[in-house]
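Two complexes follow with subunit A in common, the first pairing it with subunit B and the second with subunit C.
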Partner chain A sequence: MLLFLLAAALVCDSLPAGFVASSASLEYNVKAAFLLNFTRFVDWPPATFTGSDSPLTICILGDDPFGRAIDQIAEGESTNRHKITVERIRADQPKSCQVLYIPSGKPLPAAFIATPSAVLTVGEGEDFLRQGGIIAFALDNGHVRFDVNLKAASNAGLKLSSKLLSVARSIER
Partner chain B sequence: MNDKISYHPPAPWVRPLRDMPIRQKLMLIAMGTTALALLLAGIGIVSADLVLFRSNLQNELSALARITADDTTAALAFDDPAAAAETLGALRARSHLVIACEFNGEKQFARYARNGATMSCPLPEAREASRFDRHYLTVWEPILLQGRRLGTLVLVYDLGAVYERVKLYGILVVGVFLLSTLIAFLLSARLRSLVTTPVTELARVSAVVSKTRDYGVRAQKISGDELGLLVDAFNEMLSVIQLRDSELRLALLAREVALEDAQRARNSLEGTLARVAGLNDELQATNKSLARSNEDLERFAFIASHDLQEPLRMITVYSQLLVKRFSNAANAQVSDYIEIIESGTKRMRDLLADLLAYAEIGAKVDEPAQDIDLAVIVRNACEQMAMAISESGAVITVAQLPVIRGFGNHFTSLFQNLIGNAVKYRGDRPVEIDIVATRADNQIRICVSDNGIGIAPEYHTKIFAAFKRLHGKSIPGTGIGLAICQRVVERYGGRIWVESESGHGSNFIFTLPDSLLAPGSFRAGN
Partner chain C sequence: MSVSEFARFACRRLSILALLVAIHPEVSRARLPDNDADDLVKLKKLSLEELSRIDVTTPSKEPESAFRSPFAIYVITSEDIHRSGATSIPEALRLAPGVEVERIDSNRWSIGIRGFGTRLTRSVLVLIDGREVYTTLFAGTYWEAQDTDMMDIDHIEVIRGPGGVIWGPNAVDGVINVITKSSKETQGLLVSALGGNMDLGSATIRYGGASGDFDYRVYAKAFADAHDYHSNGNNYDAWRSAQTGFRAEWSDGTRGTFTLQGDGYVEKAGEGAGAVSYTPPYSQNLFGYEYLSGVNILGRWQKAFSEGNDVQVQAYVDRTNHRELNLADYRTTYDVDYLQRIKPDKRDTISFGLGGRVVSIDDPIVVSGLTFTPIHRTDQLYTGFFQDEISLVPERLTLTVGTKLLHTNFAQFEPEPSARLAWTPTRTQTIWSAFTHAVRTPSDAEENFTLSGYVGQTPSGLQAFAAFLPNINFAPEQLNGYELGYRQLIGKTVLADFAGFFNHYHDLFDEELITDTFSESDAPPPLHLLLPAQFRNGLLGHTTGFEIAPEWRPTKFWRLRGSYSYLDLVLQKSPTSGDLGTAPSIEGGSPKHEVMAGSAFDVGGAIQLDFSYRYVSALGGLGIPAYSTADARIAWRLPNHLELSLNGQNLLQAHHVEYVADAGPNVGIDRSVYLRVTWTK
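Take a look at the complex of A and B:
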């Protein structure tokens, strides 16, 4: 467990020195870092962004399991000059998102299944992929890993980097 | 420009090379340059390759590190050491890569090690990107994601490859070197004859020339290069020498011939000289004996004519006594005989007188010569012959005559004889005698001319011989007169001759050297 914590801390070496991870939120700290890193291995269609420096928004649907950790991780970060912003949204009020995190137990909103949504949907568990989600977190020997539904990504009009695929636990095609 | 050819003594190591035959020199040059060029080229190639290979290796390894780092960004980003290790494991194909590590900060994240490699990964260093040491090349490559450094990739490369490569190149260079040297050897063995054959030919011909002195041989021109020019020049030189040689031989021959001729001429001249000397001796002996016999003869003539006069006078005296005593008694017959005797003795007396005179002219005179005036001499002569002259009614004209040095009685006899002859051999006309003296060509020329009967040309020389007479007894004479004249003239170094034709008078001319003239006595033009 200590190893896991250390790894998480190292992955997010840009975290402020004052940040102290509580044991309950360690898993989500890692997942928050992964969320940020996913943006770096995914190509969105050019029409997704209104401008070259328009923000890249990570939306968290419903209850937020990350807390302030994700805000701290995304603080000052950018991907391909798109500033990273974090939004918390509700299902009945969809907003313009590039990454949508759906917490465990919540169904994938239909709007994001429609093609091409150009939204990277990230959820929890293998069921999420079966619903049409693109990336699903999984725990493997206490390590955070993820699975990929490549077909869903393709339907959404997204291109996933082969490097991302090379570290995925499993890939559905 | 300096015309002097400066000679620098060769370096000591060149000296043994200098006496080497040209074919070996050529071989040495060809092989030496080839070997040196190859050696330098080989060294250059190997060292350049070493340098290039090192930098290439560095670039290649850096590129490999960058690619590998890029490949492992996801593994690092999503905390997947297994994936990273798998990516690093792909480096197995690089047999000289010893180890490869990924560091997450200072913590080793993933590692690949070649089989049997036990070394640990050197920690990332911020200062340098790569490092060469004795055996390894180490490269540190940052692993970046969106400009953020996730970690560091470390690659350690075994430099054995470099040394292997250098070794391979070395072997290759040595092989090429040996092969090229062999080819150069074979090629130069073939090609050197291009140079050595003309040179050998030249050397052979010059040896023949210096040995046999035969300048007619010529070197064969084999090539059209500088050696060919040399052969041409050599042949031309031989031609010149040949020409000179033959000229020299000819000159020598001519000189020998001339020398022989000179020798022969000298020999013959010596012979001639000896002969002339012999002849001279003979001549002198003859002269001496002639002079002696002449002297004897003159003495004889003198003595005879002198001593004969005594008995003759007796005959004359006694025959005159006979005439006186018996002129009445004796008959006419006796008287006739006595007259004949008288006339014979008179003639004999005359002859003896002339003979004596002739002999006296040749005799030595003890008194010194005197200045004699020929005009006086002529006058004396005429006085002595006054009877004969007046009897003939001759007119004698005498021009100016010179004064000469001599003996008076000699010239008296001369003029007596000449004038006497002119009177004696007169024609029908009254006798006219002219005596004229002129001077020319260092000579005094005196001409005694008459208008007498003349002398036919065939007798012009005979008349001067003693006892030669042309007219028999019709005109009295001893036949010695002109002989006396000639003897007088010749005694004084002159000459006498006659210019005459029968019936047209005679010119008796004699010359005397003008050295006989008394000073100031007879100038030219007088």
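Take a look at the complex of A and C:
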């Protein structure tokens, strides 16, 4: 058995170079995983869904920074029996979304600040919260963190679980 | 003492100061990152908190926590348990390095960490979802009574070495934390059944549902195990058990999370037990059943105010009924714990907590040679702790200092201080060291217990007995532990984890003759001779050892793991000790060498192949020879959410002995083969 350990030790020197993800794609892979995870900790008003098994849609507004990653992450997933689907949308062609991701630099469409929209708006940077967005990603010391605007969430008619809030970097009330 | 719920985070996040409030119990042990194709699948399984800890500026996607932990920690994941084919918590513990799991017969185990393993093991603290299942009756854990739906286990954390500040008392040589999944993660229906030559039959059903802020699950399981191998044909150790339980969680943004969970079980486990009486036949081995049953209910409230500021309150009631052939113990435990964490500045994270426990105990006499006085007792435990995690150099150097202070009806105020330093010079290396002082508090067995052992007939015709008398002066056992650890990620496919230790013990338990013999004249006839003895604190000594646990993922569908554990245990009598032979039986009661190797291989998405091998060196003090054996499993994922698996355990021989039997000849652990079907919807 010591041979096994020895073998493992020897192999260390001759390892093939592993795949190194570019940092940009990793950042957005992680953000895509966050988006999926957010759906687990948000309660939408019952009227949001037409049926108990109607889909829960994550929309990406405009230029899509995720590529296929978000589709792969959403594939086969559901939250409370609502199948997760991903749509790319344009501001002038709104669709039914439960989560709306707005890439960096895009303004938050006014339709989603109206109350109660029942849409979880997720964007980038602190400005996004000031515009009335609910969750804003922030890069903090190399880590993807997020800030929450609780008032915007309640305006939208959404309830965020304490589990979600406990991980938030900061919470505006 | 269940600082537990807090504790589990503590160790899961690598520093004691981890989040008080769990996001959900996804595991982050120091594991190898996967290759990219799998990465998205892995990423989406991570919790919010783990996602927050991924450094997106480097290629390493390792959730850093366990990798940087200043503890010798190993996390057994639900997938590890599933793929091992383990049908009980003790069998699953074989996956962790440095843990000596010795099966005594079909329903009993000796589980020690870094030495001192016995039928109950006095020095390892065991918790299930924050509820302490270690009992102060004989000090230790009745493993045969610790069960849950194995598929509901999220992970088992095994801490090797003292966990004094957060856990304890009695977390001297290690801590075992069994953590079940949140009810959010066990939604839907699961039905599982298995049958084989040793696991005769087992069935589990679990249903999870949700409504708004409320999630719940309920489960029920039952099993029947066959007896193992008995050379004399006295096949006493068959085992039957039934258990049911639930878990429910309410969660909303303003009021925090409230969890309510509980279990109930009944079982009968075949046993052999020695019984001594002052009347003929004086000493005999009884064979029959141990009857165990219990009910527990636990409530927990957690709330996070902001990052680094949170609070938790937990309370539980646990009733256990325990009747063996030679003793009975009925106890109700009431336990309350309060924990808070605050982050006053960027550098410090301060945790503190208070806990109280009252245990109401009844130990009626079953055989005359084994009694507790008084029969009805109340035990108490009060604890407080304070700890500061200081970030000396952000992301590089962290010092954690703190102490626990405890008081029990068995011991005065005992401090348990600790200091741990973790240095991460690069993202692929962690070097840590620790000093911890930990205590094992006295138990009912030392302070309230009278035990007779039959010695024989004297030339004058009197029957002679050793009489162990209560020792109200039994002192806590003391440990000063020194640890050093090193973890290195090599490339992207090899992780090496090394932990070394030197533990210095004093005031250790021993069995001593205390005065001259006398004949007990006021006892009922026949007249007999007594050799008075006591459990005392007559031993001191040290353990030296290390564990090395490499893991290698040559491809994304193949994972290889190994571990080697070395232990040197040396005890000596203190000058005043009249030890009757405790030292050699403890020294020779733990294996010096343990080796484990395992392979988990996926053939496409539909077939899993698993193999594991283990070698355990001899237990010289107990006359148990070295053995090696192997397990194997093949599983098919079928359409319609069905999984079928064929599992083989202890395959290399028809039967082998791992530990000494309580009574009669040692029991051979049989080769076992079973088939399992699981359906989920």
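Methods note: the second predicted complex is superposed on the first by the 149 of 173 C-alpha atoms of A that agree within 3 Å, B and C clash if a C-alpha of one lies under 4 Å from a C-alpha of the other, contacts with A are read in each partner's own complex, and residues count from 1 in each chain.
To be clear about the criterion, a residue touches a chain if its C-beta (ideal position, glycine included) is under 8 Å from a C-beta of that chain, and two chains touch if they have at least 3 such contacts.
A quick note: this is a predicted structure, and the numbers were derived from the prediction, not measured.
*Asks:* Touch check for A:Val167: first (subunit B), second (subunit C), both, or neither?
*Replies:* both
*Asks:* Thinking of the overlay built on chain A, is A:Ala69 touched by subunit B (first), by subunit C (second), by both, or by neither?
*Replies:* Second partner only, subunit C.
*Asks:* I want to verify the contact counts: of subunit B and subunit C, which reaches more residues of subunit A?
*Replies:* When the residues of subunit A touched by each partner are counted, C comes out ahead.
*Asks:* With both complexes superposed on chain A, which partner does A:Leu150 reach: first (subunit B), second (subunit C), both or neither?
*Replies:* second
*Asks:* First (subunit B), second (subunit C), both or neither: which does A:Val86 touch?
*Replies:* Neither subunit B nor subunit C is touched by A:Val86.
*Asks:* So in the superposed three-chain picture, is A:Phe34 touching just subunit B, just subunit C, both, or none of them (first/second/both/neither)?
*Replies:* Once the two structures are laid over each other on A, A:Phe34 reaches both partners.
*Asks:* Is A:Ala136 touching the first partner subunit B, the second partner subunit C, both, or neither of them?
*Replies:* neither
*Asks:* Using the superposition described at the top, list the residues of subunit A that contact subunit B and also contact subunit C.
*Replies:* Overlap of subunit B and subunit C footprints on subunit A: residues 8, 11, 30, 34, 37, 40-41, 80, 143-146, 161, 163-164, 166-167.
*Asks:* Spell out the part of subunit A that touches subunit B in their complex, as residue ranges.
*Replies:* Per the touch definition, subunit A meets subunit B at residues 7-8, 10-11, 13-14, 30, 34, 37, 40-41, 78-80, 143-146, 161, 163-164, 166-167.
*Asks:* In their shared complex, at which residues does subunit B touch subunit A?
*Replies:* Residues 70-71, 73-75, 77-80, 83, 87, 104-105, 107, 145-146, 148 of subunit B touch subunit A in their complex.
*Asks:* Where on subunit A does subunit C make contact in their complex?
*Replies:* Spelled out, the residues of subunit A in touch with subunit C are 1-2, 4-5, 8-9, 11-12, 15-21, 23, 26-27, 29-30, 32-34, 36-38, 40-41, 43, 69, 72-73, 77, 80, 139, 141-146, 150, 159-171.
*Asks:* Of all residues in subunit C, which touch subunit A in the complex?
*Replies:* Residue positions touching the partner: 19, 21-24, 35-36, 39-41, 43-44, 46-49, 51-59, 61, 184, 187, 210, 212-213, 251-257, 302-304, 306-307, 310, 395, 490-494, 496, 548, 550, 552, 554, 560, 562, 564, 595, 597, 613, 615.
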